[in-house]
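Below you'll find the structures, each written out as structure tokens.
Shared between the two complexes below is chain A, which pairs with chain B and chain C, respectively.
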Partner chain A sequence: MARRIGKHWWIYEIVQFATYFWLPVVLVALWWFISSDSQSFFMPPLSEIVQTLLNDIGNGELLEAAAFSMRNVGTGLSAAIVLGVSFGLLIGYNSVLRSAVWPLIAFLRAIPGVAIIPIVLVAFGVGPGPQIFVIALGCVWPILLNTIDGVRGIQSSITDTARAYRLPRALFIRQVLLPAATPQIMAGIRISLAVSLTIMVVSEFSAGNQGLGVYISSGVQSFAPSQVWAGTVFIGLIGYLTNVAFVLIERRILAWYFEIPRRTATKITSIAGAENERA
Partner chain B sequence: MNAHSTVNAAPPMVVDGVSKSYGSIEVLRGLTLRVDPGEILCIVGPSGVGKTTLLRCLSGLMPPTSGEVRVADQVVTEPLQEIGLVFQDYRGSLMPWMTTLENVLLPLRGKRMNLSDARERSLSCLANVGLAGHEEKYPWELSGGMQQRVAIARALAYDAHILLMDEPFGSLDAQTRFDLEDLVLDLRRRLGISVIVVTHDIDEAVYLADRVVVLSGKPATVIDTVAVDLGPVRDQVASKGLAEFSRLRGRILNEIRRKK
Partner chain C sequence: MTLIVRRLATFAIFGLVWALAVHFGNVSPNILPQITDVALATVELLGRDTFYIAVATTVRDAAIGLAIASVLGVSAGVAIGAMPALERSTRLLIDFGRSFPQIALLPIFLLILGASSQMKVTLIAIGCFFPILLQSIYGARKMNSTLQDTVRAFRLPWRMRFFRVLLPSASPFILTGFRIAVVVSILVSVAVEITSPVTGIGRELAEARDFYETDIAIAYAIYAGILGVLVNAAVDQLERRIVRWHLSDKEA
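== the complex of A and B ==
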């Protein structure tokens, strides 16, 4: 992180910014020039892709698709967080329950999230409901398992303190167990965030009538490669932005964990670099 | 027993023939001792003798295999309201996601105390340990000595009349340790609390204690109880320079060595 040493700290900031973003900028520029006179049907020039992208954002088609898809992602992921964290706290805290359900969890978690898509779609049909369901089902495991690990990894000095000061169970779970497990829980949510986008796209590919996956697959069916590219780039952007938003929220919730003093400005470069700062 | 004024009357604590075994390994055998109201009792012994085990039995975190611990007339079978625990590992015993004030408040919330009363009490206890103005800081923003002060404030706010301290200053530098030792002496004088300090540091034990209980052997037994007659007010330089101080420290050290 940038330290504001001396009065020329802003030079340091610019250097930092350039260090983080030079590679994407160079790659996009290369793509632009190399593809500029491409004759390949499947590899249209980047300028054409950008044209389609702006066009479909402008006429609302892409934004509508994205709103539909991201609403499913948001709902499914939220359900996974609520279920994963609640059951994770319960299972992590109660060793009897843990040994009773562990074999089942070990089996279910081994099924790849996308593998259940056909079953669910066959059983429940097409539409937001089944799609939210598969997203939630795929996302719940990383969160559940991380919450269990987080609870079990709690230091014995913390639980001793809670016992010595006779904290009632509800207060203990809310004020001690949950915050102590939060670093692990956030790590689980980060994994599930990627999983949720994957399942969203794949489930819309396999059966859907709306959404970003449908936007892409209809581009395939109507021989419009620039639409396929535009959809893919757009999903990439959404993925990147949700990740940035996640890091911002995580740094806020886990300020104590990262030992970030309050009122520290969050700079773009420090978000991009946040992955390396984990203790 | 104690001539100085007492604000809280601490209940006496009696340890009656406490033994503790882990499986077939006997760690403590037939320990009997008492802690008078307002007294500072130090328990010394070589590393690994079972001091922490004893302290866990005293605090009710762990039941003894035989014998019992009583506070007033109550047998300790689980942690008691009257006892405040201060751990050696201050980093691990404060909640890093809570500010200093929230850490001190937490046990009071468990007691369902009125929140504004609890706040007021926590603030005054923090002031009592010299931490006024640090209420909104997080533990990781404080030095080790300050974190241990928070742990002491938490025990005081909990209204503990008996402070149980497990090697409380072991991982602090010498100067900070002296300050905190003087804080403990000062709190006892002002509040009339009883303090039990488990330590391997013989100088610390003699400096703090009204009586020092020497543990040694495998399984550990009480090999001596030494009265320290240095008065309630002590000074890191003057008291430690007294002939009596070095006589007691020599006596305890010899006993621990001989038994080994």
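== the complex of A and C ==
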């Protein structure tokens, strides 16, 4: 594209770049100037928020809190992935089992993860263990359901071929079922990623003595609004970065999938489309 | 017939494992009450006035938040989807907003608006806004080029273009977004009620838990799940009615 414009291609590049960035830049600048002489106690100037943010990153308080929270998120999500994928492969492939457990799964997954939080936290107290448990419990359903869907979507010609060649079961699961279901599994994990952050935040708001949610809610209790804002902005950055990281990993794992020509890929017409369908 | 037997059997096994684990594992009722107690609690709740008030409040606030999010999300989404330049300019903001765990905004709104229904509705609206927005953008972008050229050739005024062309052609996608948002509205509502003192299912649940009435708390969690299933079924019906033309189009 840039080549065709000739020797001034860099102008084109800058314009392209600017179309993506001008609005966020303008909005942040507006926030900065409008809030600069803010008299409202609850809406401190952006400069003050940034100062608190940099200060608490510098002294390690925020990073420590983030490390605690994200370790819980990572562990809980990993547990959910292992459980969701393995049970999903089993249930998805075994049609007798699937038809039997489906109503139970539909019933259990309808119970919102956030509603389980107070029940678990009062029973097992606060600390990493219960937090990880509620995160895993909330995140397992999207992954389980997507894995089941992914396995069900495999063309019967593929499974028939595998059977005709008498592939050993372990090989069949690893080389046929799992790769075929991976696009759907990744879609499930992406949903669970959002769920895990929400559950992490809610569980730390409702109880706990460490983590990002606690950093924010202690700002409320000590009437330090700039701490509340700084923590919220920081969670936003973490959420954004984890999503970006996820998309990069997904592109790498699913490179073969995204390369499939449009006509043969039944569900997805473009990468952007795929992301939107999942949201 | 065997299918029904099998399905009932899975529920029976689930209940039996629960009952036996509590009975022989000497689990304190604080941690996991006996399944029969939970069943009794679900019945007991139906006789309490506070239960109906809590459900009504949660549903009302979720509906108001959802309505606000629908109006804003659809109009912004269709506009963004129809204008590629706008889509590029807002992409970073939207990506940031959708990956933000919106419930983390709770303390800020708690500071600004206090523990009120207003605060809850605001958070619900923010949570529901993004799924509707994204699907609306996607729907408007997907409009086929013949239609686009026709609209241009006839120089349709923007109002007509929006209401007669863009909105109907995007409506199947918008409804998908709406369906996601309906579930989100209940989730955010319950999450806000659990973490702040505003009335609703979540508040009742958290309070029951604070009094160590775990069976009542679990019963509320089950009702929250049933509520989610019911609103989902309602949206299903709505979807079938509104986009019947789209479905029949596909079949033909």
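The rule is short, and it goes like this: the second predicted complex is superposed on the first by the 242 of 279 C-alpha atoms of A that agree within 3 Å, B and C clash if a C-alpha of one lies under 4 Å from a C-alpha of the other, contacts with A are read in each partner's own complex, and residues count from 1 in each chain.
As a working rule, a residue touches a chain if its C-beta (ideal position, glycine included) is under 8 Å from a C-beta of that chain, and two chains touch if they have at least 3 such contacts.
Note that the structure is predicted; figures quoted are calculated from it, not measured.
Q: For the three-chain model obtained by superposing on chain A, do chain B and chain C clash or fit?
A: fit
Q: On the A-aligned overlay, A:Gln175 touches which partner chain: chain B = first, chain C = second, or both, or neither?
A: Once the two structures are laid over each other on A, A:Gln175 reaches chain B alone.
Q: Could you tell me if A:Ala79 is touching chain B, chain C, both of them or neither one (first, second, both, neither)?
A: neither
Q: What is the angle, as a multiple of 10 degrees, that the CA centres of chain B and chain C span when seen from the CA centre of chain A?
A: Seen from the centre of chain A, the opening angle is 100 degrees.
Q: Looking at A:Ala187 after the superposition, I want to know if it touches chain B, chain C, both of them or none. Which is it: first, second, both, neither?
A: neither
Q: Now for A:Tyr257: first (chain B), second (chain C), both, or neither, which partner does it touch?
A: Touch status of A:Tyr257: first partner only.
Q: In the superposed arrangement, does chain B or chain C reach more residues of chain A?
A: Ranking chain B and chain C by residues of chain A touched puts C first.
Q: Just checking: does A:Ser157 make contact with chain B only, chain C only, both, or neither of them? Give me first, second, both or neither.
A: It touches chain B, and chain C stays clear.
Q: For A:Arg166, decide between first (touching chain B), second (touching chain C), both and neither.
A: Only chain B is touched by A:Arg166; chain C is not.
Q: Determine the nearest approach in Å between the Cα atoms of chain B and those of chain C after overlaying the two structures.
A: Nearest C-alpha pair, chain B versus chain C: 21 Å apart.
Q: Residue overlap on chain A between the chain B contact set and the chain C contact set?
A: On chain A, the chain B and chain C contacts do not overlap at all.
Q: Flag every residue of chain B that touches chain A in the complex, lowest number first.
A: Chain B reaches chain A through residues 59-61, 78-79, 81, 83-85, 87, 89, 92-93, 95-98, 106-107, 109-110, 138, 140-141, 154, 158.
Q: Write out the stretch or stretches of chain A touching chain C in their complex.
A: Interface residues on the chain A side: 19-24, 27, 42-43, 96, 99-104, 106-107, 110-112, 114-119, 122-124, 194, 197-198, 200-202, 205-206, 212-213, 216-217, 219-220, 225, 228-229, 232, 235-236, 239-240, 242-243, 273, 276-277, 279.
Q: Applying the document's contact rule, which stretches of chain A touch chain B when the two form their complex?
A: The touching residues are 155, 157-158, 160-161, 163-168, 171, 175-176, 179-180, 182, 256-257, 259, 261.
Q: Name, in rising order, each residue of chain C that touches chain A in their complex.
A: For chain C paired with chain A, touching residues are 3, 6-7, 9-11, 14, 30-32, 85, 88-93, 95-96, 98-108, 110-112, 130-131, 134-135, 137-138, 180, 186-187, 190-191, 194-195, 201-202, 205-206, 209-210, 212, 214, 217-218, 220-222, 224-226, 228-229.
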